[in-house]
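My questions all concern the structure below.
For reference, chains read A, B, C and D in written order, and residue numbers begin at 1 within each chain.
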Amino acid sequence: MNWGSASEFFAMGGHAFYVWGSFGACALLMLVEPILAKKRRSQALIELKREIRANQDSQDETTS
Amino acid sequence: MLEASNLECVRGEKSLFRDVSFRLAAGACLMVQGANGSGKTSLLRMLCGLAQPAQGEIRWDGEPIRKLAEDYRGELLYCGHAGALKDDLTALENAQISATLAGAPVAEDAARQALRQLGLKGREDLPARVLSAGQKRRVALSRLLLEKRRLWVLDEPLTALDKAAVATLCGVIDAHLAAGGMAVLTSHQDLPLATTRIEQLRLDS
Amino acid sequence: MNTRLSTRLSNWFGYASPATFYPLAGKMIPWFWALAAVFGILGLYISFFVAPTDAQQGEGYRIIFIHVPASWMSMFIYLVMAFWAALGLGFNTRLSGMMATSLAPTGALMAFLSLWTGALWGKPMWGTWWVWDARLTSELILFFLYIGFIALQSAIDDPRRADKAGAVLALVGVVNIPIIYFSVKWWNTLHQGASVSLTRSPSMAQTMLLGMLLMALAFWMYAIAVSLTRVRAIILERERHAGWVEELSEVQS
Amino acid sequence: MSAPAGQRPAGSTLGVPQEGAANSTERAQSANTRHPLPREGGRGDGGLANEPSLLAALSAVIRRDLLLAMRRKSDVLTTLFFFIIVVSLFPLGIGPEMAMLRQIAPGVLWVAALLATMLSLNRLFAADHADGTLEQMALSAVPLGVLVTGKVIAHWLLSGLPLALLAPVLGLQFDLASGSLAVLVVSLLIGTPVLSLIGAVGAALTLGVRGGGVLVSLLVLPLYVPVLIFGAGAVEADLTGLGATAHLSLLAAFLALAAFFGPWATTVALRIALE
């Protein structure tokens, strides 16, 4: 085990800014990217549903 | 012989037409009709091999045109909406250069002769910039006389032409068909052709 | 006969594929997330708790456990992207073009992470944020190539043309990447620039290699999972007029 | 003929499939060829794809583009003046110390050459695309790759060559010795064709695309890196007395590679753009 205490772990031997800057950016981007991808899919689904409903409405109008 | 079987054209997400089939034999002429946006130009570009059909196949003498590539293009003359003219070149230079680019260089006399035949006598050495729309069209159509191709694909060839020019053009097309050529045309105007071998293709339905 | 077979094949590739692939991808995504999490936890454990402190670089060297995998993945994803692009160009398959499109942002992200962590590693090691090291410079150019690919595809409205144009660009890029890398390397040696080199004792090197490998596996699984998620969105966007999309349960509800 | 025929035209009943053209007496005038038209011209017995006509088409494209440029000289001159102005701005931004200028000269001249080439790339296919000439080229009996090669050569003659010839004059501003000037010219002569060849791919990809002008630089500039490194490196190597042969031969290798792949990729990209 490399670390005596939690604070030692977070201090990273004086390189905290660089190490946590790297790992933090990595974690952040890897959280954001999948969220954006999922959002893109749900956006596409919403538009699809809207379009289908619009088509159904216009069909109902023509048949009635 | 040009054959098309079950062609489908998709533009964006919309299917413009499907199941378009026809055969065109030597000496015959196909008139493609349809409203604006029905896919006439798309069909013509497909027949040239510029666009790929979403479905179906186009064959020339039994071979798919994709396979024939340059061999097919050597039999083909396409005249689209754009005249492929350079404003900075003279009518004569335009005619000669486009023939050379098409792979069939012509002598200056032949080019002058063709331009004269289309009623451009005296304007051969004027830059295309100063020609009227109809005159430019005639320069573009001079390729019909200069490049010896069996299949003509003409998209709205009558645009901007006056009565005399229409008559001349029809004579040229008739002569081509009588000599065993083929033509695929679109036109919003009536084309007073002498030939009886005209087939209609409607794209609307 | 032959042509009929080939049209049937291209039909299968061209139309049936997105329809069958969409639900399949949906089922696979959670598994890849789980794998990414497992490899990630193992990798992080090794990089922080197993790998000992470096004698010269102190704790700062631990950045290598994400810097190197990110660099590897950025190059690997470009290759995979070019492979899908070439497949789409050669066989006119629609799904492969979508795969290439969906991989590009993840590849760009990896290239960006590699540059970011490279800069954060460089500062404590060499005292500057940026060195014109051969690898960092090539990574920068690779990042530009990704940006170019994404920009080109988003500038073209017709998705099929976008796929094909992107494919040509990706293939030109793939031919060029090794040339760029060796040019930059040559240029770097001529100018006696700094270079990242790690010489370690064999046992240390092995732990480090294991950690980097595990992290690379985690990044790999992550890239698959996220690009599958994105490709599902792209399929929905592009195939919205296909009948099968309207019959999907998530659309019906 | 097992192929399905949809609407069978009335006219086609006369034409027997396959060899129908030759059977008809009316059309038997030129029995030696399958070409039924009486006006028999440049196209002989199907042997169009022979070398002389390919070369003729190649030189015709080059002559045409040069002729067009001569009729509209301002386009070429703009590129040249851009090159001159960019290069002349550097001493103003950096200061007039000759030792410093000599050191940055190769890089400055080469980067300016890259940018000047970029500037003219947009025009490479745009005009031909707009007026339909490009379509006709794609439909020519001459392979499109040959015509594209002609256009790229013309582009180099109008952008790369003038830059290379002008470079020594600008090199004097940076106090380069005559030996280095010679290396600069040679490196530009070998390197700028590569720029035209790679640039043509980018120009074809962005043809008719929104924001094509800026986009093409985004696509192409990263690919120019090796040429920049070895082009500027050649002059620098000569300045430091190392000899520029290695750099120049690598540049020549790039040229060979680009000449082999470039027109092919450009052709594919153009066909995509036209579809």
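Here is the rule we use: a contact is a pair of C-beta atoms (placed from the backbone, for glycine too) under 8 Å apart; a residue touches a chain by one contact, two chains touch by 3 or more.
Being a predicted model, the structure only gives us computed values, none of them experimental.
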item: Pair of chains joined by more contacts [C-beta pairs], C-D or A-C; value: A-C
item: Reference chain A; chain at largest CA-centroid distance; value: B
item: Centre-of-Cα separation between chain C and chain A, whole angstrom; value: 17
item: Between chain D and chain C, distance of the C-alpha-averaged centres to the nearest whole Å; value: 32
item: Computed distance of Cα centres, chain D from chain B, in Å; value: 29
item: Centre distance in Å when chain A and chain D are each reduced to the mean of their C-alpha atoms; value: 44
item: Multi-chain contact sites of chain C, meaning residues that touch two or more partners; value: 240
item: For chain A, residues contacting two or more additional chains; value: none
item: Of chain C, residues touching chain D in the complex; value: 89, 141, 144-145, 147-148, 151-152, 155-157, 161, 164-165, 168-169, 171-173, 175-176, 179-180, 183-184, 186-187, 190
item: Partner chain D, residues of chain B touching it in the complex; value: 1, 3, 5-6, 19-30, 48-52, 59, 61-62, 70-71, 73-74, 76, 78, 80-86, 88-89, 93, 97-98, 100-106, 147-148, 150, 176, 178-181, 197-199, 201
item: Touching residues on chain A, where the partner in the complex is chain C; value: 1-3, 9, 12-15, 17-19, 21-23, 25-26, 29-30, 33-34, 37-38, 40-41, 43-45, 47-49, 51-52
item: Complex contact set, residues of chain D against chain C; value: 198, 201, 205-206, 209-212, 215, 218-219, 221-223, 225-226, 229-230, 233, 254, 257, 261, 265, 268-269, 272-273, 275
item: Contact footprint of chain A on chain C as seen in their complex; value: 48-49, 51-53, 58-60, 62-63, 66-67, 70, 105-106, 109, 112-113, 116-117, 120-121, 123-124, 222, 225-226, 229-230, 232-233, 236-237, 240, 245-246, 250-251
